[in-house]
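Just so it is clear, A, B, C and D label the chains in written order, and each chain counts residues from 1 on its own.
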Amino acid sequence: MTAYILRRLAFLALTVFITSLLIFVITQLLPGDVCRVILGREVGEGALEACRADLGLDQPAPVRYFTWLGEFLRGDWGSSYSTDAEILPLVVDRLNNSMQLGALTLLIAVPISVALGVMAALNAGRWADNMISIFSLAVVGLPEFVTGVLLIQFFGFPSIRGDLPFFEAVGRLLLPALTATFVLLAYVARLTRAGVLEELRQAYVRTAVLKGLPRRVVIWKHVLRNALLPTITVVAISFGWLISGLVVVENVFNYPGLGRLMVFAITRRDLPLLQAISLITVLGFALANLAADLLYAALNPRIRVGS
Amino acid sequence: GPAAATPAAGETPAAGEPASMEPQGTLRVAFQPLVQTDPALISSDSEILVANSVYDYLVDIDPVSNQPIPRLATGWDVSDDGLIYSFTLAEGVTFHDGSPFSAADVVWTFDRLRDPAAEYATSTLYENIASVEATGELEVTFTLTAPNAFFLYDLSDNHALVIKDGTEDATDFNGTGPFTVVDYSPEDRISLEANPDYFVEGQPGLANVEIIFFSDETAMVDALKGGQVDLVMRMSTPLFESLQGVDGIVTVDIPTNGFDLVRLRADRAPGSDPRVIQAMKLATEREAIWQLVQQGYGAVGNDSPIGPLYTAYYDPNVQPPARDVEAARALLAEAGYADGLDLTLHVPNTGGRPDLAAVLQQQWAEAGINIEISVEPEEVYFGENGWLEVDLGITNWGSRPYPQFYLDTMLVSGAVWNESHWSDAEFDALANTAGTTLDENERSQAYAQIQQILVERGPVIIAYYFPQFAGISDQFIGFQLEAFAGRTDLHTIHVAP
Amino acid sequence: MRGQRFFACAARLFRHPMHAVGTLVFVMFLFMAILGSLLAPYEANEQIVADARQGPSFVHWFGVDHLGRDVFSRVVLGTADIFALAGTGTLLAVAIGTSLGLLSGYRGGWFDEILMRFFDSLLAMPAMLLALMLLGTLGPSRRSVFLVIVVVYIPIVARVVRSVVLSVKTRAYVEAARVQGESPARILFREILPAVLPTLAVEAALRFSYAIFLASSLGFLGVGVQPPSPDWGLMVNEARDSVSQTPWALYFPAGAISLLVISVNLLADGLKQAFQVEIEY
Amino acid sequence: MLSPSPLLNIEGLNVAYRVAGQDLPVLREISLEVLPGQTVGLVGESGSGKSTLALTVMRQLAANGVVTGGRVEFDGKGLLELTENEMRVVWGRELAFVPQNPATALNPAMRVGEQLAEALRLYGAGRAAAEARSRELLEQVRLAEPRRVARSYPHQLSGGMQQRVMIALALSGQPRLLVLDEPTTALDVTTEASVLDLLREQVGQRESSVLYVTHNLGVVATLSDRVAVLYAGELAEDAPTEDLFRQPLHPYTRGLLDSVPRLGQRKEQRPLQGIPGQVPRLRDFPNACVFAPRCPLAIELCWKERPLLDAPTPERRVRCHRWPEIMAGEVSAHRGEVKPIQRAKQEVRRVLNVEDLKVDYPLPSPFLQTLVCKSPRAVHAVREVSVGVSSGQTLGVVGESGSGKSSLARSVIGLAERSSGRVELLGIELPARLSRRSREMLSHLQMVFQNPEEALNPYLTVAESLTRPLIRLRGLSTNEARQQVPDLLAAVRLPADYAQRFPGQLSGGEKQRVAIARAFASGPELLLADEPVSALDVSVQANILNLLAELQVERQTAMLLIAHDIAVVGYLADQIVVMYLGEFMQVSPAEAIFDAPYHPYTEALLSSVPPPDPFVEQKKIRLEGELPSAIDLPGGCPFHTRCPRFLGDICAQQTPPWRETGDGKRIFCHIPVEELVQAQEPVLRFDGKRRTQR
C-alpha cells in the first residue's frame, strides 16, 4: 500500500510537471502585447519597452519557465498584469469560493445520482428504471448555460453578496449548484447504474443469494459494497466535468469563482494570473483524482492487501 | 464665454427629500470590471464612475443646463482675451489620507496630465495650456496659448480628476471625493464608503456603494430584476425593454449624442480609396438599422458626430445619400473590387454593437461587401490598441457636452484617437476655427460645413445616436442619469424616505 | 454479405424504442444539416424588418428574433454549422486519435510510454480549461473552436483505442497474421482496426455529443463561434438579452441543442447494444 | 424393486430462453431422479443445457429463462412453485450450489472467513460459534492453516483453495442435495484430482445427494453412481455408471466414449472416432430424433418420429429408436473401421533444433523506467531447455498451467522473444525477433492456436483468410491464391462453398479446421499446435486430432503439439516432454510414457487424470502445496517443494542430473533409475472391476 501511494505520488508529480510545461507553452503563445494591456490604450512605445524589461519578457523562454515554476513553488505568484493585485490571495479566495460551490454541487449531485443509479440498476427494465433513464437522458441534453438561463428565468437571479452567514451562503449557492448538478447527475447516475448492473451479474451475488440471505443483505452487504468502488472512480472522473461546468455556471451567475477569474484572465491576456489559475486547477484536479485513487485502493482489498 | 450648445439633459427620475442628512443605505451597482484605476488612464464608463465617486473634478458640467458648474473650484474668472483662467478653490477639503487639499494639488494634477512625455490622452487635449500656477493657497491660474471656447469643458474632461501633489502612480484611490474605497477585488467588486469629511454639505447621501462587476449585460439586468443589485446603467435596447413594468424598478432613458462609430481606416487599402467608404455609405440603410438595433430609441444618424441634440450646431439638411445598392456596387467596381470586398469587422461585445454588426453584414453583403464579424470583449477591443489598428471597426463614443471634443480627438489629422487615420486639410482648418473662435456664428457655420464634408467624404458611418438607459430600484431617489453614464453622480443619490 | 451485416446491425439499433427514436431524430438532424438550405425558408441573417420580434406563426414557425431573423431558418441552418464544427471536429479527432492509439497500442515501448505520459498530462487539464487556454491563444473563431475540439478529444480517443488494441493484438488471428509476415500497416488496419470500430463508433457518438456541448458552451461564453452565425449556443446567448420580448429565440435553439445531444446519446447507447451483440456473436 | 423415494425428482421439464421475443427451447421433457445419498453425473457437450438444468433446480434461471412445462420436486414439494421467500429456507440448508469459477463466485471485498460465518450465522450459529465452525469447515476441506485462510481475501488464494472454500460454503448448511456445475473445469489436473478426492470424501461422510454437472467423462466415471447424458436439451440416456460405460445404448453415448482418448491410446493402434457434424442450434428442432443428423445408425424412422424415453431395464432409460438392436448386439454405433494413422517411420531430417532456450518476461516496471533500463525482475517462463523435432514427427509437450509450454512454442515461432539460446530451423539459426525473419523462415513455421473463436479474423471471409499466407509467403498472385482455396478446404474436409463464409457462420470445430488449413497453406516444415483442441467439445476434438495427424503424415511436417491433457499428447505424439516451472522433467518416447519408471512429477500427473473408464484402477498420488512463483524460482530441483519422493537437502540445493532409463526415457531427477524402478508400480491398471484408488 505504501509502495502504491508512493507510485501514485510520483506519477502525479510527473503529470503535473508536464502539464505545467504545457500550460507555460500555451500561455506563452498567447498573442497580444501584455504591456499594452497593463498600460492601457493611451501610452507610447518607450513606456512599453520599459515595462517589458520590467516583467522579464525579454528573457529566453526556458529561463522564464523555470523562474516561474520556482517562484510558483515558493508561493511567490507575483501580481496580476492587468490589475496589479497580488495573485496568491486572489486565487486562493476565488478557489475557496469555487470549492464551496463545487462541494455543494457534489453534495447534491453525488448522493442523488448514486441513489438514482442504484435504484435504476436494482429495478433494471422496470418502470422505475425507465423513469430514471428518461430523466437522466433529458438532463444529459441540458448544457449548464441553458439550465442556468432557465433557472434564472424561473427563480430569479440569486444573491451574489460575499461573506454571508453559512445558511444564507448555501442558499445563495443553491441555484448555481443546481445548474452544475444537472449534467453531473445524469452522467454519474448512468455510470453508477452500469456499475451496479455489472456487479449484479457477478457470480458472487448468486453465491450470496444461494446462501439464503435476505435480498436486503445481498444488496447492501455484497452488491453495493463492491459497486461502490467503480462509483468512486466515476465521481473522480466527474471532477473534470464539474470544473468545466463551473466555468460556465460562474459566468452565468456572475459568481466570483476561479472559473470566472479564468475567463477574466484570458480576456485580459493576464498571463501570470492565467498560469496560476491553470496550474492550481490542474493541481486540484490531480489531487482529487489521487484522493479518489487512494480511497479506491483503501477500499479495494486487491490493492490494499496485495496477494 | 461662448454660448454653450445644449445637448443631452439628464432627467431626474425620482425626486423627493432625502430621508435624513446622515449618509445611509447601500447602493449596489452592476457594471463592467475596471481595467484602469489611474485617473489619467481611465476610459470606460465603470472606470469613470468609480473615479468620479472617489475623486473630484475642478469643474463639473450640469447635466440639465449643460453649463459648467463649480466642484472643487468654487468660482472662476476669465480674462477678456480668453487666455487666462483663474479659479478659487473650495475650503476645508481633505484627501482620504487626511492631508489637506490645496492649489499645489491642482497644479500637480494638470502638469501631469499635460506632460507630453507621458503620452496620456490628455497630453494633446491640454497642449494649449501654457502654464498652470498656484497663485494662492486656494487659487490656481491657467494660462492658454490660444483662446479655447470650450476650455471649461476641457477642464471637466473625464481624466481631469484632482490627485494629490507628488503622486506618480495614482492607483491608490487617494482622492478628495464623496466616497472612499474600502475594498477593491479586481474581477469581483469594489466597495465604497461615504467620505465623512466630504466638503459638500449633505453629500453623499449613501453610506455605502458596492460596484459589482459583471462581464455580461444580461446577467446585470437579471440581477437587477432579482433584486440582487439596485442600479444598472448602459444596456442594450432589448434588455431595457425587458425592464419595463418590473415591480420595484424605475427605468430611465434619455437621448444622447453617443453613437456607435463604424469607421474604415483611410490610410491604407482598401479604405485609402475614398470610393470604398462611399460605397459602404450607399449600401447602408440607416433607418432600418435604427429600428432593428435601437427599436426606435435615440435618433437616426447622419454620419457626423454633431447630432441633433446639439441644437445650435446640428444641420438637419445635411443628410447622407439614400441607400442605393447598385451605385455602391458600381463605386466598388470602380475602386477595383468588382468581385466583392472581404473584410473583418471588429466589434466590442456591449450594447447594440454586435447587433449593428449583424445588420450591417446583411446590408452590405447585397452590395458585395462581405464582412466577417469578430466580437470582442470591450476590454479586449480597447485593451490592446486593436481599435486603433484594425481596418474596419465599430467604436462606441460616449456622449459629450460639446461636439468639438469629437473633432479634436477623433477626426483631425494626427489626433490621438484618430482611429480611421483620416487626414483632410479643409476639415482640419474648419475644426480649428470652430474650436478657437469666440464668435458663435462663425462656429455654427464651421460646424455646418464639417457636417457636409463628413457626409461627402468622411471615413465614418454613424447610423444612430444611441439613447442612454438605466434601471434603478425604487428604493432610491436623486438619481440623475448622465448621457455619458460613467459621469453619473452617485453622491446625489439617497435612500427613499 | 457485409451489407447484410450492416443491415442486421442497423436493425438492432431499432430494437429498443428509445434507441429507435434517438436514431431517427439524429437522422433528421443529419438531413437538416445536409439539406438545410433547401428546408430553411429564409437565409440565416436575412432581416425582415417588418416582422421583427414576431412570435411563432405559420409564416415563421419558430418566430422572429429581435433583429428580424427567422428563428426556424437559423435553427435549421445552424444544424449544418454544428455538424460542420462538432461533427467534423470529432471526426478529425477520432481519425487522429485512432491512428495514434493504434500505433501506440501496437508498437508499445518508449513511443507508447511517451505518448501516454503526454496524453495523461493533457487529460490532467479539465476539457474546459484546455479549451479556454487554447482559445485564449488562438483567438476566438470558428477555426479555433474546431481545433479545440480536435485537441481536447484526441487523447481521449487515443486512449480508448489503445486499450482495445491492447486486448485485440494478442488475439490469435492477429498473431497468425504476424507469423504470416503481414506488414504492420495491414495488421493495424485490416486485422486490428475492424475490431476497434464498434468501440470507436460508440466513442465517436459520445464524443460528438460532448463536442456539441463544448462548442455551444464556448459560443455562449462568447469565446467561440462569432456572431451573427447561427450557432445554437451563440443564439441562446444573444437571445438572453431579449428573452422577455422574444422568448422563442431562446427556447428553440436551446431545445435544438438538447434534442440533438439527447438523440446522439441514445444513438450511442443503441450502437453500444447493437455492437455488443455483434461482438459476442 | 423397492427403491427409496427420490430426493430430487424432475418430471417432463421444459425450459426455454426468450430471445428477441422468441422462445428458444433449451430443455425438452427432461425427467431425472436423484435418490438420497446418490451421486448423479450429468454429462453432455457444451450447449446441451447442463447448466440450465442445474440452475433450474436451484431456481436461478437467467432472467430471460422460462419454465414452459414440467415439475421439479424436492423431497416431495414442488420447487418451482415456491416463492422467493420460501426458497430462502431451502437455499443453503437443503440445496447448495458450487459453480464453475470459484474466482468470481466469492465476494472479492469480504474476507473468506466472514463469507462462511455469515452463512453459518444465518443457519442459527452464534457469532463465536460461527467463527469456530467456519474454521472447522475450512479444515475439513483440507485447507492448511485455516486461520490464515479465514482472514484472507479471495484474491489471496489460489484457484484450488478458492474452490475448497466454495465447497466448505456449500457444506456449511448441511444440505441434502449438492448441485455442482463443472466445479473442477477451471482447475489444473493435479488440483482437480485433490478436489475430487475431497468431494468424494465429504459426500461419502454426509450421505448427501449430488447432482454433478460436467463434460468430462473421466470425472463421471470416477465419482458418480449414475450418469445422465444430455444431448441438445434432451435426455439421451440415463444409466448406472458401470452399465453405461460397459454398454452404452444410445449411439451418442457410444460416440462420446469413442471420442475420448484413453490414457495410453495411440493413433496408430486404435484411432479415435469423433462424431461428425455439430449440435443443432436451439431454433431448429424437427419432429424427429435430434441426433439423427449425426447418427451412424439413423434409419428412416429416426427422421420421421421423435423417439420416446424408454426403459430397457428398470435401472436404465434411453431415447433411441434402435436401442433393442444395440442392446442385443445386432448393430453397433462404432463407426466403420477407421484406418489407423501411420506414423512416419524413417527419421528423415532434423527440422527444429532448440538449444538452451530461455524465455523471460520482464515484469512491468514502474512508469518511465522502461525507458531507462530493463526491469531486473522477470517471469522465468522457460529455463534453458534443449530439444529437437524431425520431419514427420510429433513432439508432445505436457505440463500444468504456467509451466511454460506456450512460451516455448511462442519463442520458437517468434511471437515471444527468447532471452538466450539458439533456435535452428533446418540448420539455420532463427533470429529471436519475428520482424528479422525472412519470408522463407516464416513460411516454414506455422502455428495453430488454442481458441478457435479468436483464430480467424471475424471481418474476413474464409477465402480471404486462406489466401493471405499464399500471397505473403508463397508469393502467389491474388487470383492464383484464390484458385487454391477449394483444395485447402478439401484437405481439412470442408465443403468448397465455405470459402465465402465469415467466421461467425462457422462452428468452433469448423473454425479450427480453417485455421489448420491456413497453417498448412504455406507448406510449413514445422507446425506448432498450442492446445489445438482444448477449447473444443470431445466429439469435435477427436476429429481435429485425427485431421492433424493425417495431414502431418501426408506432408511429412514436423509438429510441436502442446496440451495439458496427457491423454491427447499420448495419443498423437511420438516423443513427449513433461514440463514443470519452465524446465523439462522428463523426455520420453510416447509409447513409454505410461510405464514406470517415471519422473515423480510425471507419476503424479498420471495419477491425477481421471480416466474415462470406471474399470481402470489408478494409483493415488497427490501433490501438496501450490505451484511456486515463476519469478522467484526454487533452487535445486524445481519440483522439490512439492515432490512426494523428496530426498532432502540434495533436492533443494543441487540441480538434478539427467538419467537414462532402459526404455528410452530421460529423467531429470536425483533419484537413481534403479531406485525409481523399485519404488514405482504402474499408475494405471485395468482389471474390469469398478475403480478403486490405491
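Basically, a contact is a pair of C-beta atoms (placed from the backbone, for glycine too) under 8 Å apart; a residue touches a chain by one contact, two chains touch by 3 or more.
What you see is a predicted model; the values in this text were computed from it and never measured.
Peer 1: Mind listing the touching groups among the other chains when subunit D isn't counted?
Peer 2: one piece
Peer 1: Report back the single chain whose CA centre is most distant from the CA centre of subunit B.
Peer 2: Computed centres place D farthest from subunit B.
Peer 1: Centroid of subunit A to centroid of subunit C, CA atoms only: how many Å?
Peer 2: Once rounded, the distance between the two centres reads 23 Å.
Peer 1: CA centre of subunit B versus CA centre of subunit D: separation in Å?
Peer 2: Inter-chain centre distance comes to 90 Å.
Peer 1: Taking the mean of the CA coordinates per chain, how far is subunit A from subunit B in Å?
Peer 2: 42
Peer 1: Report the inter-chain centroid distance for subunit C and subunit D in whole angstrom, where each centroid is the mean of the CA atoms.
Peer 2: Subunit C and subunit D have C-alpha centres separated by 48 Å.
Peer 1: Note the residues in subunit D that touch 2 or more other chains, in rising order.
Peer 2: 367-368 - these are the residues of subunit D that touch more than one other chain.
Peer 1: Taking each residue of subunit C in turn, which ones touch at least two of the other chains?
Peer 2: 117, 240, 243
Peer 1: By the touch rule stated above, which residues of subunit B touch at least two different other chains?
Peer 2: Counting only residues that touch two or more other chains, subunit B contributes 377.
Peer 1: State which pairs of chains touch, listing all of them.
Peer 2: Listed in label order, the chain pairs in contact are A-B, A-C, A-D, B-C, C-D.
Peer 1: Across the complex, what residues on subunit D touch subunit A?
Peer 2: 58, 60, 84, 87-93, 95-97, 99, 101, 104-110, 118-119, 122-123, 153, 155-156, 166, 169, 173, 366-368
Peer 1: Can you list the subunit A residues touching subunit D in their complex?
Peer 2: Its residues touching subunit D are 7, 10-11, 14, 202-204, 206-215, 221-222, 225-226, 229, 299-302, 305-307.
Peer 1: If we count contacts the way the header does, which residues on subunit B are in touch with subunit A in the complex?
Peer 2: Residue list for subunit B touching subunit A: 33-36, 41, 43, 118-121, 171, 184-189, 212-216, 219, 222-223, 225-228, 377, 379-380, 382-385, 387-388, 416.
Peer 1: If we count contacts the way the header does, which residues on subunit B are in touch with subunit C in the complex?
Peer 2: For this pair, the touching residues of subunit B are 217-218, 236, 238-239, 241-242, 288, 291-293, 295, 349, 354-355, 357-359, 361-362, 372-377.
Peer 1: Name, in rising order, each residue of subunit C that touches subunit A in their complex.
Peer 2: 18, 117-118, 120-122, 124-129, 132-137, 139, 209, 213, 216-217, 220-221, 223, 233, 236-237, 240, 243, 250, 254, 257-262, 265-266
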